[in-house]
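By written order: A, B, C, D, E, F, G, H, I and J. Residues from 1 in each chain.
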Amino acid sequence: MDRNDVTKKIIAAKVRSKLSWGEIATKIGRSKEWTTAAMLGQMTLDAKQAAVARELFDLTDEETAWLQIVPYKGSLPGAVPTDPLIYRWYEIVSVYGTTIKELIHEEFGDGIMSAIDFSMDIEREPNPNGDRVKVVLSGKFLPYKSY
Amino acid sequence: MDRNDVTKKIIAAKVRSKLSWGEIATKIGRSKEWTTAAMLGQMTLDAKQAAVARELFDLTDEETAWLQIVPYKGSLPGAVPTDPLIYRWYEIVSVYGTTIKELIHEEFGDGIMSAIDFSMDIEREPNPNGDRVKVVLSGKFLPYKSY
Amino acid sequence: MDRNDVTKKIIAAKVRSKLSWGEIATKIGRSKEWTTAAMLGQMTLDAKQAAVARELFDLTDEETAWLQIVPYKGSLPGAVPTDPLIYRWYEIVSVYGTTIKELIHEEFGDGIMSAIDFSMDIEREPNPNGDRVKVVLSGKFLPYKSY
Amino acid sequence: MDRNDVTKKIIAAKVRSKLSWGEIATKIGRSKEWTTAAMLGQMTLDAKQAAVARELFDLTDEETAWLQIVPYKGSLPGAVPTDPLIYRWYEIVSVYGTTIKELIHEEFGDGIMSAIDFSMDIEREPNPNGDRVKVVLSGKFLPYKSY
Amino acid sequence: MDRNDVTKKIIAAKVRSKLSWGEIATKIGRSKEWTTAAMLGQMTLDAKQAAVARELFDLTDEETAWLQIVPYKGSLPGAVPTDPLIYRWYEIVSVYGTTIKELIHEEFGDGIMSAIDFSMDIEREPNPNGDRVKVVLSGKFLPYKSY
Amino acid sequence: MDRNDVTKKIIAAKVRSKLSWGEIATKIGRSKEWTTAAMLGQMTLDAKQAAVARELFDLTDEETAWLQIVPYKGSLPGAVPTDPLIYRWYEIVSVYGTTIKELIHEEFGDGIMSAIDFSMDIEREPNPNGDRVKVVLSGKFLPYKSY
Amino acid sequence: MDRNDVTKKIIAAKVRSKLSWGEIATKIGRSKEWTTAAMLGQMTLDAKQAAVARELFDLTDEETAWLQIVPYKGSLPGAVPTDPLIYRWYEIVSVYGTTIKELIHEEFGDGIMSAIDFSMDIEREPNPNGDRVKVVLSGKFLPYKSY
Amino acid sequence: MDRNDVTKKIIAAKVRSKLSWGEIATKIGRSKEWTTAAMLGQMTLDAKQAAVARELFDLTDEETAWLQIVPYKGSLPGAVPTDPLIYRWYEIVSVYGTTIKELIHEEFGDGIMSAIDFSMDIEREPNPNGDRVKVVLSGKFLPYKSY
Amino acid sequence: MDRNDVTKKIIAAKVRSKLSWGEIATKIGRSKEWTTAAMLGQMTLDAKQAAVARELFDLTDEETAWLQIVPYKGSLPGAVPTDPLIYRWYEIVSVYGTTIKELIHEEFGDGIMSAIDFSMDIEREPNPNGDRVKVVLSGKFLPYKSY
Amino acid sequence: MDRNDVTKKIIAAKVRSKLSWGEIATKIGRSKEWTTAAMLGQMTLDAKQAAVARELFDLTDEETAWLQIVPYKGSLPGAVPTDPLIYRWYEIVSVYGTTIKELIHEEFGDGIMSAIDFSMDIEREPNPNGDRVKVVLSGKFLPYKSY
């Protein structure tokens, strides 16, 4: 048994339970973005969060222990995603990657936007021409220093 | 001569001119995000915008014509970017890709967030623990339909 | 269990049942193109369509629930398909890709032909030199805009 | 000098000349689809067609000879295209590939749709919700035979 | 169950039965080349051929049905084969590919040698310096046409 | 300067000279198959053959010397060829590779068909349904031995 | 069941039996190099050798039959090996490959060193600065001929 | 200018000079194996050796300096070599890699055969059935230790 | 059963036992770095170390034997790691690789830093701005020699 | 002109000047590790550092400006390095990657060791059995947080 097995069990249990990610997040007590990532095997739960997950998805002792172990991260099969929704994000990196790099460096100098000290918020943006997906990403700027 | 040659010339001219992307965008009359992408060879300029670029970067007739031709897009060498700043964005897609997919489907059903009818805004978010990069992405939701 | 398991079960059940995709589509009440894609795990069914599939292929409650979950799309193993029929389509993209790009841009300007707001129709075109496969693709044009 | 050099020269000459592919095709006397593919280095011209191209793009004797040599085909850099328009076509093969395979086999039996004895027609389909790109592909069915 | 499972069962049954491919082909009533390809999951059998295979390899109803479904073709793991015998063929394509292309085009003009309307014959060619493998390939020439 | 430069020069000279590969082979005094491979940079010429090539293509001393150096072989860019004619050969290896392996082993036991002690003959096979390309490959069988 | 299954069973049986490869080779009656390759699924055994293996590793009838079938060769996962010992050999090919090529061609002319009519001998070379691994490779030279 | 440029110049000079690698090695005062690797850009020369190379190949001051800088090693384009002679060596690693690993570990325990403290000797082995290439590799065994 | 199975069993047993790697290392009597690598299937244990592991993780005779067999090393799926922590190390090699190469060559001349005669020490470095990870790597320098 | 051109010019100038990286670092006023990375195109210089480099390597105005632009980082060609010294580092990540991950998580919890807020120190460690390369890496630990 490894973390992937626990992830598969959670996804199957969610399909049967008809719970939404938002409802699960409320029970876990964290944002729906973080909670979904955690349930999909990308984040580490603390003991209390794991206990809630245990209850919700009818997990065993061993499965509950796995949720508290740091996982080997990376949620996609293959270097270039095939799923159209996820590919559009990869395309944004491909088309706008150098643009993002230029503008962050122009504002902050040499360094990166952290993907660790990072949060994300996804919401519906009503629009008469068709609603839009609005995503806000916030990551700490980490400068390269000379030493 | 192709668009890549024009892009290289623009980048070199910008280095010499010491203009920022924000200043160039103001002259072009568009956001700094779109303008930078266009100058880096990912977007198509109209005649008026191309004329401004011509002036700024001392382009020839032929180079100015190339800016008005739809380019072959994709700004990165290789499927997995090596630059640390751009890699962090690729990592976000790798780690959070399935999370983003789940949450957009939960809110909107089957479909995608457009990377074409799309805009982006990058700005500094002051923070006592170190300033943060805040990026807002907005893309129209496009549903799959059965027919 | 995941969607792939349901797809495999449906394919095996179809082999045993000797139903054609056209007959299945009639029962589902959608085109044979959309129905086949859905049965092969690429599209999401609504509750009524899933109920028909349940009946046809003798699915369980859980399998029927999976048909209503948005799947991770992409039906081919590997980036370059090995199957000769599917490869010919990949070859069309390889040989004619830049041609298609040029002609769509000439007619419409910068943007794409949607693969989401998209439909397809495949039919036999009788011909004395040997019948032909006629495929009509229709996708909404989505323009890039400057902002 | 090879065919790629001639292709680059033709593209640059077209940018300067402001001719459309449709106008070039009319002068060559073939469809705009075939003509564009030929000018982009994917098809072989006969002597008369090459003479027209020579006139239009101011080619030398040697360049004109290259147009009449069968080229090494394949117009895209890399196995997975990065350009959003061309990627959408690759995505169609990825998502609908097995569907296309099933439906052609259901109608015709084992074999392929030829990408050689093949023609393509691209046109605008007016639509109140936004115009659509309509593409008609026609390829001879070639059966596998047992021997 | 899918076609691969049937292929594996046939190979295992052949090992146990000690039948040669030539003997199997005689019973199926086709050449040893076509028959072997079919038994290895690359070709589609008709009802009568499938019935013979059923008898020979003790197949079930469902397995016999799979033999009559068009398979997803491609018999090798990986893009570059590791098996020395098969690699030598890949090497022939690598070293002589452009030669084959030049000579077919010189004789026939632009087009391809079909791999569908195709047959193959493999036989021993006695030779005092060591016997040779003689392979005759015959494929219909399919011309590209301008339209 | 390396062998590739000589190959490019020979191809360009051939285009200008309008000589066929068959005519060149007659002058070199070898088969058209071997001669084409040699001219395309895959084989090593002896001094006499190189002198003929020198004459035909107007080569310098240094270029003539290169023809007599063993080249780094492999005539295709990329592991999977994009050119439709050459791809069909790769497809034959992909679809029939395991078949070829089985039949050679059935006749000869464990070993390979040499791609070095090897010859090839390509000719037109007239046929009322459309002429065919007939290719005869002959390679020495080399057995694996236990030691 | 296929040859890989037999290989895995043999390796596991060897671990339990504590036999060395040298001891197994003595029983099989061949060199330790050939015997190890055969047991690892790369070579074909004759009936007598297979009977010894059967005895040693407690194989079934079917498993013993598999040892006498020519295997699909290639013992490594992936194109570039990750195991440090095997990687050093790959590195030798990477660093010295062109050197080996030059020196064999200088001595023998155009051709190859056979990897089929080939033997290998691995032994310990005592050395006061630390013992060395001495490997002797012997392969027949096969010349390319013009025809 | 970098080391590759010097390598190309040396190869071209060698072609013109008609010197063999053996003769060059004698002048350099090292084995023909090491000398060839060094001239092909894989090894670092000392001042005296570089002075000989300078003389032989008519190098400039700067080119002579480059020979004394440690190069970025790796002499092959691509992960899997296409040249038949070099491929046979890659095939030996592919087919016999796990065999070599087993036998070295059986004799020496866990560790590697060094590719750095390493020498190679290539010579002709006369044989009535056709001469053979004999290669002796000698590399120090380096054990893994626990700490 | 192979070494991977033993590794998975050990990891699962560790999750259940709540032992830390440090505690396991103390019982094995080696550093935590070496012990963790060994338990993750990268190093070979001697009989005494294996007996301790047997006790700790409740292994069978056969599993204990596997720990004393030299494993096929390489702990990561894929050439480029997806896990953010491990990727940062890959990024260090990508960004600083040529720097490390230059500085080691400047100090030591041509050669390598051994990854076999190698040890590693990982510890916490307290820091008021946030604690740091301090890693000390020590590898024997192995010079290339000319021969 | 881009940063790569400046890097090549600096390397060539360094070869001619016979300056060591240590001497260059002293003049720049930073560690030899950071300075070498910067000169090899991976770091951004400030105006004063760039002025020193200008002096040392005889750079133009434009080249000096490039040193102050944030570069596209990544110093290696290909995903798996071919150079033996750099490969050993890649091997450390491959063999010890999961070990490093486990031990950092055991000490710090979920998060990463920064490759940005990072420094490196490379020095000679004298040793009677042969000197060793000692490398100290120090990177800030960045925790993942739930939100």
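Convention: a contact is a pair of C-beta atoms (placed from the backbone, for glycine too) under 8 Å apart; a residue touches a chain by one contact, two chains touch by 3 or more.
Worth saying up front: this structure is predicted, and the values here are computed from it rather than measured.
**Student:** Going by the contact rule set out at the top, which chains touch both chain E and chain I?
**Tutor:** Chains in contact with chain E as well as chain I: G, H.
**Student:** Expressed in steps between touching chains, what is the minimal separation of chain D and chain I?
**Tutor:** Counted as steps through touching chains, the separation is 2.
**Student:** Select, from B-D and E-H, the pair of chains that is joined by more C-beta pairs in contact.
**Tutor:** Answer by contact count: B-D.
**Student:** From the C-alpha centres, identify the chain that is farthest from chain F.
**Tutor:** In terms of C-alpha centroids, the chain at the greatest distance from chain F is A.
**Student:** Based only on mean CA positions, could you tell me how far chain A sits from chain J in angstrom?
**Tutor:** 31
**Student:** Just give me the whole-number Å value for how far the CA centre of chain G lies from that of chain H.
**Tutor:** A distance of 23 Å separates the two centres.
**Student:** Out of chain J, which residues touch more than one other chain, so two or more?
**Tutor:** 33, 72-74, 76, 79-80, 82-84, 91, 94-95, 98, 101, 105, 111-112, 114-116, 142
**Student:** Using the contact rule from the top, write out all pairs of chains that touch.
**Tutor:** A-B, A-C, A-D, A-I, A-J, B-C, B-D, B-I, B-J, C-D, C-E, C-F, D-E, D-F, E-F, E-G, E-H, F-G, F-H, G-H, G-I, G-J, H-I, H-J, I-J
**Student:** Inside the complex, what are the residues of chain F that reach chain E?
**Tutor:** Touch residues, chain F against chain E: 20-22, 32-33, 36-37, 40, 42, 73-76, 79-81, 83-86, 88-108, 111-115, 118, 120, 122-125, 127, 129-142.
**Student:** Which residues of chain J touch chain B once you look at their complex with the stated criterion?
**Tutor:** Checking each residue of chain J against chain B gives 1-2, 62, 65-66, 69, 72-74, 76, 79, 115-116.
**Student:** Tell me, which parts of chain C touch chain B in their complex?
**Tutor:** 30-31, 33-34, 38, 43-44, 46, 49, 70, 72, 98, 101, 105, 109-112, 114, 116-117, 119, 142-147
**Student:** Within the complex, which stretch of chain G touches chain I?
**Tutor:** Its residues touching chain I are 8, 11-12, 15-16, 80-84.
**Student:** Within the complex, which stretch of chain F touches chain C?
**Tutor:** For this pair, the touching residues of chain F are 80, 82, 84, 87, 91, 94-95.
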